[in-house]
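Chains: A, B, C and D, in written order; residue numbering restarts at 1 for each.
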Amino acid sequence: MVEAILDIKDLRKSFGALKATDGVTLDLRPGEIHALIGPNGAGKSTLIHQIAGTLKPDTGDIHFLGERVNHLGVAERARKGLGRSFQVSSLAPEFSALRNVMLAVQSKQGSSFRFFKPVMHDKSLTEPAMAALERVGLKDRANVPAAELSHGERRQLEIAIALALDSKAFLLDEPMAGMGPEGSRQLTAFLDGLRQEAPILLVEHDMDAVFALADRISVLVYGRIIASGSVDDIRNDPEVRRAYLGDPA
Amino acid sequence: MKKFLAASVAALAISVAGVAAADPIKVGVITTLSGGGAGLGVDARDGFLLALKNAGDAAKDIEVVVEDDGQKPELAVQIADKMIQSDQVDILTGIIWSNLAMAVVPSAVAQDKFYLSVNAGPSPLAGSQCHANYFNVAYQNDNFHEAMGQYANETYKKTVIMAPNYPAGTDSLTGFKRYYKQELAGEIYTQVGQTDYAAEIAQIRASGADSLFIFLPGGMGISFMKQYAQSGVEIPVIGPGFSFSQDVLPAIGDAALGVKNSASWSQDVDNEASKKFVETFQAEYGRLPSIYAAQAYDTGSLIVSAAGKASVKDADAFRTALKAAEFESVRGKFSFNTNNHPIQDIYVREVIKDGDVLTNKIIATAFTDHGDAYAEQCALK
Amino acid sequence: MQTALFIEQLLNGLQLGVMLFLMAAGLTLIFGVMGLINLAHGSLYMVGAFACATVAAYTGSFWLGLIASLAAAAAAGAIIEILVIRRLYERDHLDQVLATFALILVFSEGTRWLFGSFPLYLDIPPLLQGTVPLPGGSRYQLYRLAIIGVGVAVAVGLFLLITRTRLGMRIRAGESDREMIGALGVDIRTLYTIVFALGAALAGLAGAMVGALQSVQVGMGEPALILAFVVIVIGGIGSIRGALVGAVIVGVVDTMGRFLLPQIFGLFMNASQAGIVGGALASMLIYIVMAVVLAVRPQGLFPAAKG
Amino acid sequence: MMNLSRENWVSLLLLALLLALPYAAIKFGNPFYVTLATRMAILGLAAVGLNIALGLGGLVSFGHAAFFGIGGYVAGILASHAMSMQPLNFGLFTLPGSNQMPTIWLFAMLVGGLLAAAIGTISLRTSGVYFIMITLAFAQMTFYFAISWPAYGGEDGLSILMRNQFPGFNTMVPLNFFLICYGVLVAALILFALIKNSRFGAALQAARQNEVRVASVGIAPFRIRLVAFVLSGMIVALAGALYADLNRFVSPSMLSWHMSGEFIVLIILGGVGRLAGPVAGAMLFVMFEFLLGGLTERWQFFLGLVLLGVVLFARGGLVGLLAGRQRHG
């Protein structure tokens, strides 16, 4: 059996009486896209927050690259190689696309406590950042402030940032949201190739994309994984159809 | 608390009487005309200008520049620099507060200017840092407290004493204790700028004292007296004259009645100079003068007297003329000690109601020809 | 005697706390509903005191003055809300700080312009003069007890207002979701003006009541403002309950610190030095308490239930 | 050299103006303006320091007077010990006083930096309004401490009888002292410009714009901000030391919250986060204070109105007016 990159065991998190995460166990293996789907309010965001480190689980374990990371903060997990994109895009709005990516390159290289050398003249920052932008097709928009990018471009920029971090795993929270059909198609093709670099935990509502991309799918309902398996398994699972796809069967 | 940045340079250039003939004297008055302490500065300025006005022709060669320090030391320093460098004044005066005086005086006298204090008399300037060009026409800071200590020593057996926790406050209690040899029922330090004294009043009530000495200048004294009067504590209050001066009495109201306080002057001092001062002050400004006005008035008179004897350009002669102190003081007797600080009588006054107006009345003399404790530390002879 | 003194000091602490609560409640309410930090709150406190002193001097009635203080502070609050504050809700905190700092300058200097530099006179109404006996043989000032009473009444009133009335419902809605309340069809601009005026009136009431105990002068609001900040930081910004708890903590700690620290230091140094050292420490004590609270709970004791 | 942007032209122009002012003052026989120019340079320096935290980092500190005052007190205390030849006694070790500016500056920055580290460690756990109020409260704490601690003058403050010395200059000559302050100001501006464009500056500015983003690329915002806060405190402390030497006096009023407010005002008047914003703000403010103060004792009333106008309607400040909107590369 291949060792999982990201391994989550029996994760639990409650807000008062609400069990937002109720014993979730799932893993992410090299080379795969593991899609996490579920209706609104199923607890997907809460789960992502715990994996990324913004929320602390009540109990359970999160292992990343074989190391228990429960106690680590967001920044530390990111440095270990957990690349993330946000449901609502989260960028430094005044910075250009390039500078947004450069920030990730800078973090990857280590210290941010360098006070004198101008970053814009630092090829070790600009070149990798440019390369990442080129991969997501934003090279021409490199000098546009993030605030002025279109919705779709911002999603692409988030992916570029995750790429620049040289991530060992990607945590993508609804990367297709708000994209037009053409953009979705392009991004789908891009993610398809990306899985070879690092596995992707994909939270997505666009079922076409999910069924086209996913190697495995897990279904989250009321904080619990009710089913997990291949695309076909899930498509045909009666419980999933009832609980999630709204099938009256 | 003090206000933001305080007004600077409210240049009220007042040429008292025409253009000078021979050797005019230029006097810079730096005082507090805005902010919480403005009342004192306004009185000092008015008193000073009145002295020059009353002197008539004798003051015609004296030119005055007045500016507002907003009770901020750095602003006072800036104004002093400006007056010395740009206005080229010969004499500086007018500062009310000790901390401002400490900021301005040493460097002003080091630049060969004369400084005449209308109010502040911090101990370093009377002792180790005394200077031939620095004359204090008011008092050394400890004087009024010493007088109250002397009075309490004769009158009471067990006093509780209280002052804000800052240098003037600790000096005050030190000065009091220098002459008070009976039992102390307690020694309370309050916060500077404190507005509520409930905790202290409770302690005073519990202290079993037969008298209470307070030094709480400005708004602190007003707040304390109002709260004290309401607390039902009957222990009599004594203190230096600052908290019961003419400028604050209306705000305290009847709560101040009967308080014994010390001062070197009171409006009922029996001499011609004082009578003329009070009369002309009331006529000119429509209010009773405070002790700050009286001291500033004396300062003005002193300058006029010295100007009649020597040219300010001849520093040695002018210094000698100042030191002689041959002017009609509203305090009656007035002369300078070796350290250029006053030797004078200090009275005990009581707050009374004269018709509808609260004012002070002299009831005793605490000291006759009193100097200060720091003169021997001063190198001047 | 020691016990009696102790009780008296506790009451003093409580009374100071109640005053601070009146200031802090307005500040925290305005922050909770509008997300605005208002440095000029101390100026409204001053407006209340000046209005009370002026009207009391003209009419001879403290009670008319008290009404005037409420009216004047509420009016001043409503006016600056409409002219200035309203433009700041969407701005960042930096702009809010600056603009309300500018308002302090305008209020302070404007008041000095109108009333001069000398402090005004305001006395306790005859009805509330005198003292009442305390258990243990000591006596306590009636007026201060009355202040405690008013503070408790205001706290209860605010609680009822927020939980039981239509206005309160809207305020709560405004706290949890600013957009939603607009969607509910509530006139949000009017609501904000009302909340601001309400906060201002509370500050004005505090100013008027304290004015009878202290000197009514320009700048009197600033120390009260800073203490109120400490209160709401400890209590949790946006929480009325936090403001109440924080105010009582600050009031009692400050009073007890001033009372007890010099005595504690007196155990191992002479009285004069103990007074100075104890006093110095007492003046910093509430800030130390604040630092400790924040080190443990960065959002204060009662973090407002927001996002 | 690279092409100068319009903003850099404005910065150079302002600096040239400030440099020219004292020479013009002496030429036209009004030496007092040298003092005013020195005041502008020092307040400008303090505002440059605050601008690192506030402009780049978005940390609205309402307590920078604490660092300003501490710097002033370091200068005053070292100078008074140098005067009295009594070393400072710290129990474990003693330290001789000093009247040499470089030594004093070093200590002012050291002590200011330590204080900033302590205050920052607690304050930076919070954000937004909490941060504003906590920094204010800590500054009040140092203010009350300075007032009630009797050793160095308390409320009365501490005089520096002779202005401290700088090798090769007679600092009592006002123009010389101005040039020293001006030199420090220029050095600080260069430092600010370097930091702004550095990796550290990138992380700091990004943390202002989007804290979550910075953390999720693996940079902990807390540490970045703490370092910025400390740097900022050190520069402001240095300004405080110079201010003490300008007035030859230091007192708790340097620690008052009005001072903190004034620093923010300087930055806003000049333009937030702009290189020359603090300098423009300081020049404008000192002129305003001097000229309007000459016209009316009520000048603060009008200052308040002007400030309101700037905040509500002219957000870019003076530099924004002259150089147009900020460009981010």
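Basically, a contact is a pair of C-beta atoms (placed from the backbone, for glycine too) under 8 Å apart; a residue touches a chain by one contact, two chains touch by 3 or more.
Given the structure is predicted, the values throughout are model-derived calculations rather than measurements.
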*Touch-network distance, chain B to chain C, counted in steps*: 1
*Could you pull out the chain whose C-alpha mean position is farthest off from that of chain B?*
A
*asked:* How many angstrom lie between the centres of chain C and chain D, each centre taken as the mean Cα position?
replied: 32
*Taking each chain's centre as its mean C-alpha position, how far apart are chain A and chain B in Å?*
74
*Averaged over CA atoms, how far is the centre of chain A from the centre of chain D? Could you give it in whole Å?*
43
*Report the inter-chain centroid distance for chain A and chain C in whole angstrom, where each centroid is the mean of the CA atoms.*
48
*asked:* Where in chain C do residues touch two or more of the other chains?
replied: 104-105, 108-109, 112, 222, 276, 279-280, 283
*Among the residues of chain A, pick out those that touch two or more other chains and give their numbers.*
none
*Using the touch rule from the top of the page, what residues of chain B touch 2 or more other chains?*
1-4, 34, 165, 170, 189, 191
_Touching pairs among all chains present in the structure_ = A-D, B-C, B-D, C-D
*Under the touch definition given earlier, write down the residues of chain B that touch chain D in their complex.*
1-5, 7-11, 33-34, 68, 72-74, 77-78, 81-82, 85-86, 98-99, 102-103, 106-107, 110, 122, 165-168, 170, 189, 191-192
_chain D-facing residues of chain A, complex_ = 52, 54, 73-76, 78-79, 84, 86, 90-96, 99-100, 102-104, 106-108, 111-120, 122, 125, 143, 145, 161, 165
*Touching residues (chain side chain C, partner chain B) in the complex*: 1, 4-5, 8-9, 12-13, 15-16, 104-105, 108-109, 112, 117-121, 123-124, 129-131, 138-139, 141, 143-144, 210, 212-220, 222-223, 255, 258-259, 262, 271-272, 275-276, 278-280, 282-283
*What residues on chain D touch chain A, complex-wise?*
194-195, 197-203, 205-206, 209-210, 212-221, 224, 227, 328-329
*Touching chain B in the complex: which residues of chain D?*
30-32, 35, 39, 144, 147-148, 150, 153-157, 159, 161, 174, 243, 247-249, 251, 253-254, 256, 258, 261-262, 289-290, 293-294, 296-300, 303
